[in-house]
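In the part that follows, the structures are each spelled out as structure tokens.
The following pair of complexes shares a single chain, chain A, combined with chain B in the former and chain C in the latter.
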Partner chain A sequence: MSNRYVLVQWNRHKKIYDIVTLAGMVLFLTVYVGAGMIRHQSPSEISPPILLMRGFGVLSIVMLHIILSIGPLARIDERFSPLLYNRRHLGVMFFFAAFLHGFLVVGFYGGFGSVNPLSAILNSSGGGVPYELLGFMALIIFFVMAATSHDFWLANLGHRFWKAMHMCVYAAYTLVVLHVAFGAMQDKQGAVTPALLALGVVWLGGLHITAGLKQRKADVAVAEADAGWIDVCEVSEIPTSRARVVRQAGHEAIAVVNNEGTITAMSNVCAHQGGPLGEGQVIDGCLTCPWHGYQYDPATGCSPPPYTERVRTYEIRVEGGRVLLNPEPRGG
Partner chain B sequence: MIDVLLIVIGVYFAIGVVFAVVVAAGPIKSFDSVVADSPLRFRFIATPGMAALWPIMAGKLVGAKNTSREP
Partner chain C sequence: MDNSGDTIYVGYLPVPKRYIALLRFVVPVLAGAAVGLSLVLAFTTRSPGQAVWMAEASAHAGILRERPYPFLETTDGPMLLVEPGKFGSINRFKGLEGSAIRVRGTLLERDGWRAIELLGHELINEELEINSIAQEATEVVAIGEILDSKCYLGAMKPGQGRSHRACAILCLRGGIPPLFVGQTAAGEQVAGVLAIENSDALPESLFSLVGERIEIRGPISIENGLSVVRVTEQEVTLAD
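Up next is the complex of A and B:
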């Protein structure tokens, strides 16, 4: 049924993902510049380099929307989960597109003055909203995120810090929206850009709210059973090879897994980058993280050899068809 | 105003780049034992982040040195 999370072809899968992304980017730019050249013929001609610069701007904002959509989409419908895989590469490619946009702006609009070109660009708003500065600040945030996307950083900065830092993407997104709202839109007439931008904001906002609501519904409304055990749900409510997430204030989220009828529980937090294990599925007897495919034996919480990752496990009791969970991790 | 900001950012990253190159040449191993076994291109990948977050990484480097001196 599903070999979507397959780990074995990890590299091939990643390569395909990257090639498709790159091809999409090239195609987008080609169409954007081509269409621009046809639309803006003399006397209102716009030179291809300027079109390319704008193309990179538009490409990067489109990619940003795609990147920010993937998380909530995968929560809303699992068919989008394969997109999560390798989202990091997508992020880095997005950064290069945004960087080239900024670089070309500085080169073409700032390159001919006598002052430092970057300073010339950032000072050029002449009393209006300094939208170039907003884009610049966003770009710096994206740079830091792209530069620290490697696992080395996750390991050395710690989960919390890394995650908090990468949440800055929403601040950067806001800066980008303002950058376009005050910049590109002021220069040009027409309602297309504002309408698309508004659509993008509404789309992302809607997606995040929908995903949040769905998650709340799916998460178990925790009813405390005897002696601290939690009454999770009916056994039949957890589909085979899937998990259900239990959240409780003060505890880490716990994934209750149905592996061919055997119910076990483990941490919902992947040892790799904190991915939501409970949103993955059991493949080859292991619960498989939807983010990058790390796998864990549902009984032991250990990754299959040669891997050494391990997550906490929890005690489960099945009584009268109901699943009961001890929220204290095994072994203390 | 913006020029001051640019200078500050420029100086910050200039220090960062120097720091990153120096750290990538050797001390990076003390952050992460995995690094020693990784191919050289990994160090290349780590440098931009070093340049961006150099105050944090410098702090860690100093901290690591201090703790390793203690018995």
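Up next is the complex of A and C:
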């Protein structure tokens, strides 16, 4: 948490996370390029810039799959949440890998000629599927996401808009899949590339569906028509220091918190990045977001001083051991 | 804060033990999977074929032929003439048809085909005796790919296929001689520079077929030692 903007709020975990990520990227590239050089030797060697551009391309796709897997994995098993904690750094590093892929393509394939290199690449599709353009569009989306990943943009754009903008990653992922399917995959022999690409799509699809189903099972769903007080559950159904999430169509999700036997309710949406507060835990008397550790007093919805974040709170009544919730926020 | 039990992970607090156990498993598995994947992908990549671009410059004498694209007729066979970068040499050799010249540059070579990236040239006063092969035209129907000769002969490896299309189009637009490489239905290999009727270069209308699987119908012949496929624009089509 922070009450001011700094470039990066470094801590030990972030440093370890970034070092491991960078080491992984270097390992992947080294093995890919090294194996490519051993497999295809002179006079049948692959040109080093092409080997490198392919390496960055493959690395980008692998990283994109890891990034998109982390969210649902953390929902399915919260022990994956350390991977989620610094996901934005992972995203920025992924962008640089994808950018270097594009940079090498534009420079090597589009350079040394009579026209602008970027224009040479983007205008080369003829009548076929413009897979180069698809890749370029994805890269633009990734650039916008990387450039706006800092908390400064989160605070100034508002987490709802920011979140919606960053959900464009799924559109960009679709563009990347098409970019590979209509581009590099057409040049490959055998079923390895199509099989890996299909495996990636099925893996991500399956993971998101599984996470969605698990969340749906854990949450309390309420029909929109049910106006007035909502019968949430038995008090005993909310573990101590944890919360249950109430979802009502057309309304913000609400986290009903059990703070050492005191039941309160607040918005389920963290003011920082829109994280699921209801999946967090009461630590030091504050409900703590599982994504980045932002904290809120369960009674007031305010972050402890000197922090200024605040979320909406809701009225709760406990009658006969059952928790009743007024879905209208306090103060309208 | 207690770092055991069911405490959740918070980035700025000590990592609970149950998270550490999973991370110690997941991170090595991810690293192993990354190594395995990069090996699989590297070892299943198609070979670009044997092609050489000499690092050292060499000099070659011969008779300049301007058509269909500038090449040097030499005692060792034809040698396509290309400029540095993605440019052909039409302008350099305009009006020099039949002249004895010596070129200097770096040689590109593949499957008996040669090209040279020019560093310079000079006219020479020598009687050169070159007995190039000539062969009458025979009709051919073949399926293959339009390539830019410079990349295919070794400037880029691989210098063919969909991924290389943008580069090939740029080369062809710059005047690099187009090459057709393919095979007939009977499996006979066909390779020749692609000369389009009434055109000094590959016409813009055919750029969309570069890097694609295409079919050509037309006569193939050997002219001053150079294999040439002569077609009209309409005789180059996408293969089924």
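Quick note on the criterion: the second predicted complex is superposed on the first by the 308 of 332 C-alpha atoms of A that agree within 3 Å, B and C clash if a C-alpha of one lies under 4 Å from a C-alpha of the other, contacts with A are read in each partner's own complex, and residues count from 1 in each chain.
FYI, a contact is a pair of C-beta atoms (placed from the backbone, for glycine too) under 8 Å apart; a residue touches a chain by one contact, two chains touch by 3 or more.
Quick caveat, the model's predicted, so the values are computed rather than measured.
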item	value
Partner chain(s) touched by A:F143 [first = chain B, second = chain C, both, neither]	first
Touched partner set for A:V92, first chain B, second chain C, both or neither	neither
Residue contacts on chain A - larger count, chain B or chain C	C
Contacts of A:F108 with chain B and chain C, given as first, second, both or neither	second
Partner chain in contact with A:A253 - chain B first, chain C second, else both or neither	neither
Chain B versus chain C as contact partner of A:I76, first or second or both or neither	neither
Partner chain(s) touched by A:V235 [first = chain B, second = chain C, both, neither]	neither
Chain A contact footprint on chain B (complex, rising order)	2-3, 6, 9, 31-32, 34-35, 42, 45-46, 48-49, 51-53, 56-57, 60
Residues of chain A touching chain B in the complex	116, 118-119, 122-123, 130, 133, 140, 143-144, 146-148, 150, 152-153, 155-157
For the chain C and chain A complex, residues of the former touching the latter	1, 7-13, 15, 18-19, 21-23, 26-27, 30-31, 34-35, 37-52, 85-87, 156-158, 161-167, 169-171, 173-174, 207-210, 212
Chain C-touching residues of chain A, taken from the complex the two chains share	1, 11, 13-14, 20, 24, 27-29, 31-33, 35-36, 39-40, 42-47, 50, 54-55, 58, 62, 66, 77-83, 85-86, 108-110, 112-115, 120-121, 124-128, 131-132, 182-184, 186-190, 192-193, 196, 280-281, 283-284, 288, 290, 292-293
